[in-house]
Amino acid sequence: MKKIEAIIKPFKLDEVKDALNEIGIQGMTVTEVKGFGRQKGHVELYRGAEYDIAFIPKVKLDVVVPDSLVAKTVAAIEAKAKTGKIGDGKIFILPVEEVLRIRTGETGEAAI
Amino acid sequence: MKKIEAIIKPFKLDEVKDALNEIGIQGMTVTEVKGFGRQKGHVELYRGAEYDIAFIPKVKLDVVVPDSLVAKTVAAIEAKAKTGKIGDGKIFILPVEEVLRIRTGETGEAAI
Amino acid sequence: MKKIEAIIKPFKLDEVKDALNEIGIQGMTVTEVKGFGRQKGHVELYRGAEYDIAFIPKVKLDVVVPDSLVAKTVAAIEAKAKTGKIGDGKIFILPVEEVLRIRTGETGEAAI
Amino acid sequence: MKNLMSAFLILMFLLSAGVVFAEEQVQKTIPPSTAAEQGAPPAQSAPAAPVAAEAPAPLKIDTGDTAWMIVATALVMLMSIPGLALFYGGLAKKKDSLNTMAMTFVAFCIASILWVMYGYTFSFGTDIGGFIGGAEKLMLKGVGPNSISDLAKTIPEYIFLMYQMTFAAITVALASGAYIERMKFSAWVIFSVLWMTLVYVPVAHWVWGGGFLAKLGALDFAGGTVVHVNAGIAALVGALVLGKRKEKSLLPSNLTLVVTGAGLLWFGWFGFNAGSALGANGLAGAAFLNTNTATAVAAIAWMVVEWMHSKKPTVLGLASGAVGGLVAITPAAGFVNISGAIVIGLAAGIIPFFAVAWLKPKLGYDDTLDAFGIHGIGGTLGAILTGVFADPSINEAGKGLLYGNPGQLVTQLIAVGVTMVYSAVMTLIIFGIIKVLVGLRVDPEEEMIGLDESQHGEKAYNL
Amino acid sequence: MKNLMSAFLILMFLLSAGVVFAEEQVQKTIPPSTAAEQGAPPAQSAPAAPVAAEAPAPLKIDTGDTAWMIVATALVMLMSIPGLALFYGGLAKKKDSLNTMAMTFVAFCIASILWVMYGYTFSFGTDIGGFIGGAEKLMLKGVGPNSISDLAKTIPEYIFLMYQMTFAAITVALASGAYIERMKFSAWVIFSVLWMTLVYVPVAHWVWGGGFLAKLGALDFAGGTVVHVNAGIAALVGALVLGKRKEKSLLPSNLTLVVTGAGLLWFGWFGFNAGSALGANGLAGAAFLNTNTATAVAAIAWMVVEWMHSKKPTVLGLASGAVGGLVAITPAAGFVNISGAIVIGLAAGIIPFFAVAWLKPKLGYDDTLDAFGIHGIGGTLGAILTGVFADPSINEAGKGLLYGNPGQLVTQLIAVGVTMVYSAVMTLIIFGIIKVLVGLRVDPEEEMIGLDESQHGEKAYNL
Amino acid sequence: MKNLMSAFLILMFLLSAGVVFAEEQVQKTIPPSTAAEQGAPPAQSAPAAPVAAEAPAPLKIDTGDTAWMIVATALVMLMSIPGLALFYGGLAKKKDSLNTMAMTFVAFCIASILWVMYGYTFSFGTDIGGFIGGAEKLMLKGVGPNSISDLAKTIPEYIFLMYQMTFAAITVALASGAYIERMKFSAWVIFSVLWMTLVYVPVAHWVWGGGFLAKLGALDFAGGTVVHVNAGIAALVGALVLGKRKEKSLLPSNLTLVVTGAGLLWFGWFGFNAGSALGANGLAGAAFLNTNTATAVAAIAWMVVEWMHSKKPTVLGLASGAVGGLVAITPAAGFVNISGAIVIGLAAGIIPFFAVAWLKPKLGYDDTLDAFGIHGIGGTLGAILTGVFADPSINEAGKGLLYGNPGQLVTQLIAVGVTMVYSAVMTLIIFGIIKVLVGLRVDPEEEMIGLDESQHGEKAYNL
């Protein structure tokens, strides 16, 4: 199993979520994060003075999937989260050794 | 060492934390997250109209433990976080290659 | 590639970020988290009565870097985040199998 | 942007023209009887207080009435900023809260300026054919610290005109509730200018300034038709023209602000309704009592209906019911007795609930904060029930169906109908003009990001 | 739920009965002297202003007094919504904020309705044996725009009765501070109905409506016993019956709301205390001065004590001290001179601090927001010190220990004691009734999830 | 801490001394003419209302004027808590919000206490050489419920003195806007005590208490020099002495609070400006009209300038413009006509914008919330323009350049200049004293963590 961590633009969350549901992924966990990267923060102007807001609000999507679904999942996220503009975000794939569903005690792919 | 990521119901946090302390785990990190899964969001009724709140507030617990403690840790979380109702959450186990305690520079299991 | 997860004191974030930028790391993701550890929460006094605030606000820094940069990155974080007082936090190193930049579709180290 | 700038240039030009114009007239000390020369009829909806009756000959300021009316004016100001701004801003999504508050803020500022320039004179100047007031008080020409209007014979005209201004301002602001989360800020600025000028000013004249509805005998103590029906219809029409939002849910960012706003509205509404007696007297007392009672009844009624209908009594429901009650009692406050107030409160708690929970999804218009559902429906209810319950023992000026005067009900229906049609048509025209000038809606992406960021470059919260 | 519904049905039935009843009496224009027929004694705690003395024969409305009392009434309304709602709501946990605000909101609505139905007449109607007022003004029968009460001879009775209503409402709401974060919303609704009826109404009659405590000569300018001791004891008893919360800490969700609420309470309290002079006169001035001074002294005193005791001066401490000062000066505001006000302020800043920080943990009752610690203790302090410091040169009606009248202190102790015992016993009974009808506490899981979600299906913040 | 405690001990000692002192004088019923014995000249800036003119012989309270002035006093209180506390607190960083609110709160409390102890008598007691008032009313000696001041002949002296107190309090609090996010709370407490005593009290005497600027004929209707120039200069000097913050950005934690605060300030300012007529009359009406109009114009002007200059109209800009307008119209409110008000509003919307957006970064002082940029600059603008636009047909007491009296402009410049120099020098001295006593700034780490945590051990939000 793999954990796919995707950092995406917040307003793309709904679309990505729906796309993942469509390919059969039922669970995911979302965190509000701040991104620093090539996309530069915007400038806020308060009383005419400029303030650099370095960080950019992003959401992080954690999805644990069986190996078989990794490619499909990544493709779905990529397709929906892409705007082609800087700051679209990243997808990281990390190994997961075990999964357990607390409610039932199931483990492995059955627990995802 | 392993990183145990547990997604649990927020109101179970205190109990889980205490249980982990009891088995000798002193450190952990908690993040507020939003969960999507089998447990369906509730319906909020504003002015008589229904609005689906798809996501559900959860907390994510990150605990890095030596390999020797993994089983105990998972068992403790499972025991305390379980209500038997849908949405109890998941436990993911990920490999960790190295740990460093910033204050002292210690590494490895000593740093946990 | 590795993912470096550093839990640090919030007011050290700016310094750490600048140090990472200096060694050529351009991207990172920051999450507000609550830490439990050796550093005990402070006591808040409302109307003369003490309340234990067990958790302590921390920030979690996620930086994915090529293997070649791991040591330098860890060193930079360690140097800047250290105050020598309890609660300085931890650095965890996790393996990352793949990275993808959503905007361009690039993968591997080029995508970081 | 260019179009916007031209709109501003016009505004600024008007302003400077006004200054020069006013400069020329060098206000001499004006004899108190100036206002009387207009031959305006005595206010029907606000009979003189017993005390005032002692000084019939020259109009003379009564300090007690003046004290109350200064405060009442300030109270109605408070209803807009921060009252309505909080009520609406707390209901808006987090990313649109500030823009929502800004709409009320800027509308109040615009109305404040335009009212002294020309709003007051066209509303309350000498009646021209029942349709509009004369221009004799442009830039408040001839109005000084000693002036007294014939419509409020015991207080300084300065206070009377400011009191009326606050009504104009909040009426404009009320409509914004239906437009938020998608309307361009520049479009709203232009809307405020045009709608106040072309809709509020004439309707206020018709009902309160001696216009044709006043002559017909329409009863509107504190603004059921002029304010709530008028704004409610503008809300509906505007919501239809603007179209639906991308994210249609009502996701209140901060309900503590909503409760605060509701409280300030309730508080300020005593200025709105009891102030419409234009003096500190028993009629003001009656209006105060009716206002508070109807509001409480409506809040409880909404709560009960919601508890039964949707299993849980929401706090938003309590607040919405209260506002519904305040709206519905507005035209009736100085005419009905306590039983009338209770019935109006019951109606105002129950009917708007169904309008909002059942009718709106059915008809499918996207009135974000139910400005139509609460103000339009509630105002209509109140205006009509005034024709039923007006009790001459409370106020000689009003006699409703229950007291043997069915004609009043017909008059009320006419007044409501005329206001509805006029407001609807003019709002449509105004939206058409704005569309040409600067466009109505923000880009879809700006809508997703939120109007706080896209229109103002700000975030409501940095928590 | 079924029990709840029956409770509501009763409420609604009463309401409609009231409407029909009032409908029948068709309010004729009432001669101003109606009120005088009751033979009520002149208000002891609010001697007529010098101005009023000039018009002895027929009672006549004074516009200045009326202006002030309309505003004072609105100010006391503001103290409940949003004042107290913010103060309490900001102190509640995030997940219980909205429910806490709703408790004040709904209590105000319920009191508004019941007061006009029967509260006013049973409190201020013709005294029956010193214990309760007569029923002659049920549904405000016989009260019209020209009515004047003998207890407030220069203002419309409508305003007098609304002013009194706002006191009833806030007294009920105050008790909620001890009950929050665990009490069922339906239980609170029923509590509001029963407690206002069975506790507030009689006690108000005893002290202000010509009842036995008034006859005894108890001094209570603006509600030390009637409001604060009364509510404070109800808070304590209720907290004991309800039991402790699962999470006993005070974790204020939003202290900016608390400061806002404290500010609005302070502001509104001028209506509460200076308004209790029932006119715009020097006595109102004295009450205003004393109120502000005692409040400021109490806030600073609490801050200093906390700074020394707990190392840091909290903002909550400043706000709590201010509220403590407002409470304690309430019974004394129109009786004491500036030195009395300062001493009362010092006592009110120091003693409640220790009650809350030291006594409460010791005794172990769970009074969530210290409604007893601040209102109960502060009100008692104020009521007793009034008996010490009442200065006849400020108000002829009150002469305390320091001015050679030790008997006053005894009278004050009796009044406080009677109120305490009555409030405690009746609160106990009322909680017993509610327990049978709908139960008192929410489920443990509902408590964990928070009452906003479980009672209302809402969240205070979507940020 | 030790130094701090000594400061408190002094405060407490003063307080108890005061109580004993006042106790001794046992206030006898004071004849209404007491105040007249001081031989103070009739108020120049507030001519008697026409109504009052009817009762020349013995000073007599007018209930209408009193009603208005009680409310006006409460309104100015509201401007501080929660008005200014919200405006400033919402603009502060999240971690400093509460401390910012506490600064206003504690300043108001301190001023409340010191004013009745000695502030009033040194400001408004019998003039001594044009520089300070006499000590005859220490602890309000000789002031009773029937006292009337010669400076406000139709209201109780208790109300007059409380009204003046609220001005002292907000003036101190205004300066805090420049100091926040780095100043020790103990330092601020001492600053409040010293600055009110050594700066506000004398300046108020000079301009309003019959001092040398009053004799010179300086016009300041409601506090352009006394309040805004005075506080603005203290803000600038203090900001320079304190030095820059570590994190210099303005990152408003909660703009919904800022809008709320701005609304409450606007609302309360009607008490500030229209209340300065000291009665419910046409002059109050003029001040009300001018206040509202200038404010609205300034808000729109700031918005337009910002829209053109920085591409987007911020909500903070609207609110800042409004406050700028309120500040600038303050000295002029009861002197100018509507054209004057509009011009002052335009100036107040445009010039402070550039002061803040352009001058401040250029000069490099760190005035966190622009207390100097808005109050200092705005107040100066208003004071000078009063000398230009004062129109004798609005108020006989004021005749400006445009009405043929260029000397007035010179007088205004002198008054502003004197105030600036005095405020600057004394503020410098006071900061020096504080530095020695307890130090000025918190540690750098405390500053990083935030002053809420480090000074009060609290967090504004637990959301």
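Order of writing sets the chain letters: A, B, C, D, E and F. Residues in each chain are counted from 1.
Here, contacts are C-beta pairs under 8 Å (C-beta built on N, C-alpha and C of every residue); 3 or more make two chains touch, one makes a residue touch a chain.
Computed from a predicted model, the values in this text were never measured in an experiment.
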{"item": "Least hop count linking subunit A to subunit F through chains in contact", "value": "1"}
{"item": "Higher-contact pair (C-beta pairs counted), B-E versus B-D", "value": "B-D"}
{"item": "Whole-Å gap separating subunit D and subunit F, where each centre is the average of the chain's CA atoms", "value": "33"}
{"item": "Centre-of-Cα separation between subunit B and subunit A, whole angstrom", "value": "18"}
{"item": "Chain centre separation in whole Å, for subunit F relative to subunit B (CA means)", "value": "53"}
{"item": "Centre-of-Cα separation between subunit F and subunit C, whole angstrom", "value": "47"}
{"item": "Touching two or more other chains - residues of subunit D", "value": "62-65, 67-68, 71, 251-252, 254, 260, 280, 310-312, 314, 316, 457-459, 461, 463"}
{"item": "Contacts with 2+ other chains: residues of subunit A", "value": "31, 45-46, 94-95"}
{"item": "Each pair of chains that touches, named by its two labels", "value": "A-B, A-C, A-D, A-F, B-C, B-D, B-E, C-E, C-F, D-E, D-F, E-F"}
{"item": "Parts of subunit D lying in touch with subunit F, wherever the complex brings them together", "value": "4-5, 8, 11-12, 15, 18-19, 22-23, 26-29, 60-68, 70-71, 73-74, 77-78, 80-83, 85-86, 89-90, 97-99, 101-102, 105-106, 108-110, 112-113, 116, 139-140, 144-147, 155-159, 161-162, 165, 185, 254, 257, 260, 280, 452, 455-463"}
{"item": "Contact footprint of subunit D on subunit F as seen in their complex", "value": "49-51, 62-65, 67-68, 71, 75, 93-94, 154, 251-256, 259-260, 262-264, 266-267, 270-271, 274, 279-286, 288-289, 292-293, 295-297, 299-300, 303-304, 307-308, 310-316, 318-319, 322, 337-339, 342-343, 346, 391, 393-395, 461, 463"}
{"item": "Subunit D to subunit B touching residues, read off their complex", "value": "249-252, 306, 309-312, 314, 316-317, 320, 353-354, 356-358, 360-361, 370, 373"}
{"item": "Residues on subunit C engaged by subunit F in the complex (per definition of touch)", "value": "11, 42, 44-46"}
{"item": "Touching residues (chain side subunit B, partner subunit D) in the complex", "value": "45-49, 51-52"}
